[in-house]
Amino acid sequence: MLKQSALVEVEDLVIKFPVRGERKKKYITPVDKVNLEIKKGEVLALVGESGSGKTTIGRALVRLLKPTEGTINVQGKKVHSLKGKDLNEYRKVAQMIFQDPFGSLNPVKTIESHVKFPLRKHQGYKGKALDEKISDLLLQVGLTPVEEIRKKHPHELSGGQRQRLAIARALAVNPQFIVADEPTSMLDVSIRAGILQLMNDLKRDLGLSYLYITHDLASARYFGDRIMVLYGGKVMEIAESKELIKNPLNPYTRLLLAATPGSESQIDLTNMTNDPPDLSDDRKGCPFVHRCPLATAVCRETMPALKQAVEGHFVACHHLEQKEQWN
Amino acid sequence: MKAEITTSSQIKVKQTNNILRAFKPLKLFFSNGKSAAGFIIFSIFLFIAVFAPWIAPYSPSAAVFDPNLSPTADHWFGTTNTGQDLYSQFIYSARNTMVVGFGAGILSTIIGLIFGVVAGYRGGLTDAILSFITNLFLVLPGLALLIVIGAYLKASTPFVNGLIIALTGWAWGARVFRSQTMTLAGRDFISAAKMSGKSSLGIMITEICPNMMSIIAGNIMFATLGAILAESGLAFLGFEDINSTSWGTMLYWASSNAALLRGAWWWFVPPGIGIALVGLSLVLMNFAIDQITNPRLKSPRRRKNHGNKRART
Amino acid sequence: ACTDKETSSETGKSTSKSAKPLVIGLSPAGQWQENFNPFSSTAMGGTNGLIFQPLYYFDPVSGKDNPMLATQFEWTNDNKTLVATLRDNVKWSDGEAFTADDVVFTFDLLKKDPAADTSGIWKEVTSVEKQGDNQVAFNFDQPNVPFQSYVLGVDIVPQHIWKDLGDPSKAKITQKLAIGTGPYVLESFTPQLYKMKANSNFYDGEYAVKNLEFPVYSGNDSEQLALTKGELDWAGIFIPDADKVYVSANKENNKYWFPPSNNVTLYPNLTNPLLKDVNVRKAISLAIDRKKLSDQAASGYDPLPSTTALILPRDKDWVDPSIPEDKLKFDYNKDAAVKTLEDAGYKKDKDGIFVSPDGEKLSFTLQTVSGWTDWATMAQLISQELNSVGFDVKVQQPDYAAYATNVQGGKYDLAISWTNSGPDPYKQYQDMLNSHGGWNLEKWNDPETDAALKKFQGTTDEAVQKEAINYLQNVMVEKMPTIPLVNGPVWYEYRTENYTGWPTEGDPYANPAPFNWPAPAIVLSKLKPNN
Amino acid sequence: MRYIMNRLGFFVLSLWAAVTINFILPRMMPGSPADAMFAKFQGQLTPAALEAMKKAYGIGQSSLWQQYIDYLHGLLTFDWGLSFMQYPTPVKDMIQGSIPWTLGLVGFSTVLSVFIGTTLGVYISWKRRGFLDNTLPIVSMIFQAMPYFWVALLFVFIFGFKLNWFPMAHGYDPSLTPGFTGSYITSIINHAFLPGITLLLGSLSGWIVGMRNNMMYTLGEDYVTFAEAKGVSTSRLMFSYAARNAILPQLTSFAIAIGNVVSGSILTEQVFSYPGIGNQLTSAVQSQDFPMIQASFLLIAVAVLVANLIVDLLYSRLDPRIRTGRGVEG
Amino acid sequence: METNVPVLELQNVSIAYDSSAGMVHAVNDVSLKIYENTIVGLIGESGSGKSTLGNAIMHLLKNNAVLTSGTIKVMGKDVYSMSKNDLRKFRWSQMSMVFQSAMNALNPVLTIEEQILDVYLSHDKRMSKKEAKKKAIELMDIVSIDPRYLKSYPHELSGGMRQRVVIAIAIALDPKLVIMDEPTTALDVVVQRSILDKIKEIQRVKKYAILFISHDFSLVSELASKVAIMYAGRFIEVTDSSSLDQADRHHPYTQGLLKAIPHLTAEDVTIEGIPGNPPNLVDLPSGCAYHPRCPHAFHLCKKERPEIREVEGRDIQCHLYETVQN
């Protein structure tokens, strides 16, 4: 039942990057054995601190990156091994909204030319129809007055308008699935809200599925149907949004919650190490171990498996029972 | 509810439209006194070059006048020892020198673009190989290489020399283009273009190059200046067809006929001034381009937001 | 040797205390290299003549024979043996005596090392032997009288030093080894300047000019400046508009004289069927305005040539009296050129270019050397003239090496080049017209010409020689195997401020340029300090 | 470490490439140098003498490959053959005699130009919008836009010939005996003045403008403002914070400039009859002196490469970011 | 001790930038007092003039900026009437600042230690290097960084650590006033949180007055006792942070901001953006600068600039409250 309606299915996704080491070539693994699925019309929010591999997963899903291992299936297509023409076909299905509204638009091109190419190439619009479609699209994302804005250049738009254009560009190919990579992190609170609302509207009206990447739990909860928590390239916890916020089981999730402004945290973080997790490809154990107050020998040795704790609530931790210790 | 959006804020415009301004060269050049002066000087010489046959009173090579005349009403710059009209030579030389200079400037920029953009965009092994070649050319001593190749090639008309100059002088540009391409290639709009299904070539041509227009223009200016100076140096040393018409060749003849010693400064000085003025106009125009596009020259202003990578040069 | 030096400098001081060194400007070069090897083509100026000396020197400008290490020579054995009588009491500058053995040794050296035998002595001479104490005999296969200038022109080196030096062509002769019999010895050497002082052991006694200096200049420009400024006493460089540039700077002292020394000639490639036609060559000659060439390309320095290719006035005694006066000068007549071609059956095609009866266009390339500005100008003028008559001539300017390869290998249509002139007219004709001549670029191949040259070689009788030369003059006038353009001058500038006695047009006692070694030795022998 | 290995690798590879180009280039020349040589003898040579001479000059007796091997071997053993134009002087001797002059004159004026230019650049950027800042870049640029040799010739004519202030040629007064004497050294300086000043004028603006631009950028950096706020003294702020960082990009240009010392000398030395390597190279090219061209070109290439290597290594000392292998680019 | 002398006193401060587009009125007629041992938050969206004000207090405005009116006093002394040298000494010993992009505030080619020593050695000529080094180690301790990092170069430290180093440098001389300009924006939530906790802790001990600049509402309301909300260069509202719990009885802009924040735990998950764009600081809207975006705007707003009015202990500039009260 679940399987059938899943639009995106990811199994055992591993991504490695070469890094310049002192002597021999080394790798880091910012994404390690990640499984996820996204249903049609569903929003999966992906949270986790900086460098935990969120963007990397997103880029792999739209195939800007080739996975090192694992499979990505979208509508039954083996996305992980697509090439050439097939890959171009896949661009119609999945699109991405990039993190940085300042960097993701080409400063020397007009607003309309950003959406013109994909409309022509993927939807085959031409001439007058193309012209009308552009207006429709810009209107759809609220870039009004359309006629005036079309001929402008990105620098003449505000941050919120730019982010809207980025969304319009993604929509221009009429995709079914959008990876939204921290689409609001660079924007002000007030503009942020507008963008989230817009994406929400599009989901409702067009039935789009999203992978919503963020490190802000509050917005993940607002926009996401489910939330997946990532740490050091591993999935720590995944659950319905409300459930996860109410009942965080993994120590990292709890830490994240505590750190989010607006929560009444009592965890003292002043002396906490801020070292990033070890991403080297020969690491062992739970990536959170060096910051986790519950860490024991077993944590250092083996990565806990993702287990279902409550209905629909999966968590990876060796010490679920010791939940209370932090608060 | 959709938020209503009114017209954009002027302040934002101010911050980022610099790149765009490079596309309005005229306005750009008149934006400050230096570049306006440069542009005017340049236009005058361009005019001279284009309309040389109408401006020059005589053929530059016709040895039909009294030799060794000092300036007169008929011969503004006097005549050579073979009775050629120096003023006409000066005019026609402007044409050749500018054609060769710009030809070489543009050609070397194109070669530099190919090497730089492909290397910067492709990365990996392609980059390693292209960068190696680039660095090699950067490191090989320009003038010496020019002279040696020129001496080996023989048929050194100004055009051949221009070609050699371009073929040996593109490396600096390639390096600049490469690093610029690398910063651009890391920007999300390139990924976005990829997502929209553009080919690599398409991305390089329609996304990356337009973003480097001002650097490209600057490079053309710079390379042109270099080519004009190199060409005149070669001609002066006698590594150019001495029957060609260029300022360098004029200087060669002037010096081999001891123009200064015999007091014929009107033979020796104008070609040098010509080169210097064209050179200066290029430098001044480049100054303007530089000032607008080089973030280093803008009045220091704190960057908006975080994590913007800066290009290391 | 040590005491010798001291005394010589003592006397030098006493005789001409105030005399400044004579500063000589040689051809431009990057730097001097310490190379005083008389067998090296790149030896420093003065090696031949000032340090080392030959037996005799035959001067091409004055036409005089100057005895050096020999006092006289004589042809015997049906002109197959040349016997030279050596000068007595000659000493090497290190005090050793000069003997006939040194002469024989020198020639043996050249035999062993052909690379040093740059004049090809051993292709003519079969053996060299000592006769008595003061004579050396050179034996020839067959008579070659004019070759005496080469044989007697070889610089003699001291056996006691050179026997240990190995191949003479590779020997590095530095100041220490530069021991000769000439009037000067090397005093000091740096890459920018070397100095010579008068040799106290010299057989004629010390010259009046006690000290010589040879500074280096990297180009004509800087040498011109130095000369004009009075930093040089003697130079041999081209100066454009010499009266204005050079003389006017110091009318009193700055002098020059540019005597003709050879021909600048347009060589037609006679293996080209079109150029083989004498009418084409004559038409070419008629269409060239030689006065303009001289005026515009060579600042008017180059005298106009004789149709006989003789260098006048030097060779005035050799001119064939049977040739009418008007035939001795070249005509400039474009109409005549056209007529000559039309009479020979050439017709203009639609482009206005003459086509031969066989249908071949008169379309030629004209080669000169890149960077030789006077020739380049000439080539330009010639092509303009010829093209206006109905030729199609394109100028090509390869650099010197390629040019040399092309003209010697016959890979050209028309080329401007020089002729090699010797002390008498024979040398020029031999090189240019003999089917085996060294500078027979045009490939003139005529048994009668060869025979005439052979006749000259075989005799010391002036009448017979004249007969041969007369024949050759007629070949030049009638058949025009090559087309003389102008006479090439010798560049020669001098200043009379410090020294007098220079060769002048009125007293052309020797080749006056400071690069035609060993002639400067003759000049220096006549100079006197001015005080 | 990795960075250094990387640079060394590049050094070796480009050295090989330069050496090989150097081998191939003259062999692509039309017209053999032997012909040029022999033309000088005006056709008096026997074929035997000709052959003997060719052999002596080492022309065309072995396969190209063999020549390449011999050439490499010769390079390594500093046996660069005998010069054609100054036969039989070894090329090595000729170079040895001229290189000190070039290094002295051009090297010194390059270093001086870098020093003065950079200092001025720092100064005018500090006094931004001041009188000097507005005029100096333009004035110095005028000189850069002029053909170098033209300025040099004018200088020689005006200051040497007309005004008699400076000598017109040579590296020192040839009548003096070289040695460590006051008059000799004075003479060297006197002779180097005009060429030096022309070199300086021709290259100064690049350094001034380059440094000024870098300074503007660095002065806008947050760490400079922060340091200023900290109360760091002006000189420390200017040098340790601003100039110290701004100078880094200049280093690359410096490497190239140092490498170009030799080729930059060509025109100078020609005009001033200066006894350096550039002069030698010009004559060598004019007289098709293979061994000399090869050796001087090689020397020039090696000079550039070594300068680059040194600057690269220096860079890694000055910029800690490179030392740890980050941000290494090309 | 005169406890009543405010550590920082701003009186009608206006600052403008001279730019090619015209005068940018970045700060307009701003007044504020901060006393010892208090944290005052300054929030407002990007470009509202927060950093400009911060820099102005430090007398570190860019060349093209001018203090067009008003006085700035720190510890009772007018910052703008000091001599250059006095200012150099006064700065950092009395007031210091953590710059907005603290990640870039460290010189990449000097070690952390050198940069800390610079502070001590430039302000106390008599201090020996050894002493200064000891102090540097203490300082590192305060911000919980292992002293071995003193020998490191900035790029060898993580962003959070660099931020802490900068904070350490800011408190090195125990100034009375510390201005923190968005010290944590570039950081991860967890790191951000740990640094904020650290700041709080240090502040508690040393009793500094802190002006904490941010555009993150929830962050400031948590940290500061008092909050100034800036719009178009004006303090449109100055209020206690505790009052931010309720969304009503605030300036409409404040209300808009409060509504735009998704709350983590609250049951109501709807959010609303503020329509429109930030104002053009060169050509400010007439009257109340917020009126083009304000849902409650009425005729007066366009015409007249509202005066500061005290509304339930909050200083608010809004016509709405005038009419309500009148």
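For clarity, chains are labelled A, B, C, D and E in written order, and residue numbers in each chain start from 1.
Just so it is clear, contacts are C-beta pairs under 8 Å (C-beta built on N, C-alpha and C of every residue); 3 or more make two chains touch, one makes a residue touch a chain.
Predicted model, so just to flag it, every value in this text is computed and none were measured.
Participant: Chain by chain, through touching neighbours only, how many steps does the shortest route from chain A to chain C take?
Facilitator: The fewest steps needed to get from chain A to chain C is 2.
Participant: State which chains count as neighbours of chain A and simultaneously of chain D.
Facilitator: Touching chain A and chain D alike, sorted by label: B, E.
Participant: Moving only from a chain to one it touches, give the least number of moves from chain B to chain C.
Facilitator: 1
Participant: I'd like to verify one number: the distance from the centre of chain C to the centre of chain E, where each centre is the average of its C-alpha atoms, in whole angstrom.
Facilitator: Centre separation, chain C to chain E: 92 Å.
Participant: Report the inter-centroid distance (CA atoms only) between chain D and chain E in whole Å.
Facilitator: Averaging C-alpha atoms per chain gives centres 54 Å apart.
Participant: Can you give the whole-Å distance between the Cα centres of chain A and chain E?
Facilitator: 32
Participant: Please work out the Cα centroid separation of chain A and chain B, and write it as a whole number of Å.
Facilitator: Centre separation, chain A to chain B: 46 Å.
Participant: Quick check: what residues of chain C touch more than one other chain, meaning two or more?
Facilitator: Within chain C, the residues that touch at least two other chains are 221, 225, 228, 371, 398-399, 402.
Participant: Two-or-more-chain contact residues of chain B, please, as numbers and ranges.
Facilitator: Chain B, residues with two or more chain partners: 1, 3-5, 7-9, 151, 154, 238, 255, 261, 299-302, 304-307.
Participant: Two-or-more-chain contact residues of chain E, please, as numbers and ranges.
Facilitator: Touching at least two other chains: 46, 63, 100-101, 272-275, 277-278.
Participant: For a test of understanding, state which residues of chain A touch chain B in their complex under the given definition.
Facilitator: Spelled out, the residues of chain A in touch with chain B are 59, 62, 64, 88, 91, 95-96, 98-100, 102-109, 117-118, 121-122, 142-144, 148, 152-158, 160-161, 166, 169-170, 172-173, 186, 194, 197-198, 201.
Participant: Going by the contact rule set out above, which residues of chain D touch chain B in the complex?
Facilitator: 10, 13-14, 17-18, 21, 25-26, 28-31, 137-138, 141-142, 144-151, 153-154, 157, 161, 213-214, 216-217, 219-222, 249, 256, 259-260, 262-264, 266-267, 270, 281-282, 285-286, 288, 293, 296-297, 300-301, 303-305, 308, 327, 329-330
Participant: Taking the complex as given, what residues does chain D use to touch chain E?
Facilitator: 128, 221-223, 225-233, 236, 240-241, 244-245, 248, 318-321, 324, 326
Participant: Please name which positions on chain B make contact with chain A in the complex.
Facilitator: 1-5, 7-9, 12-13, 15-17, 19-20, 23, 187-189, 191-198, 207, 210-211, 213, 304-308
Participant: Show which residues of chain E lie in contact with chain A when the two form their complex.
Facilitator: So the residues of chain E in touch with chain A come to 45-46, 144, 158, 160-161, 187-194, 197-198, 201, 215-219, 222, 256-257, 259-265, 269, 271-275, 277-278.
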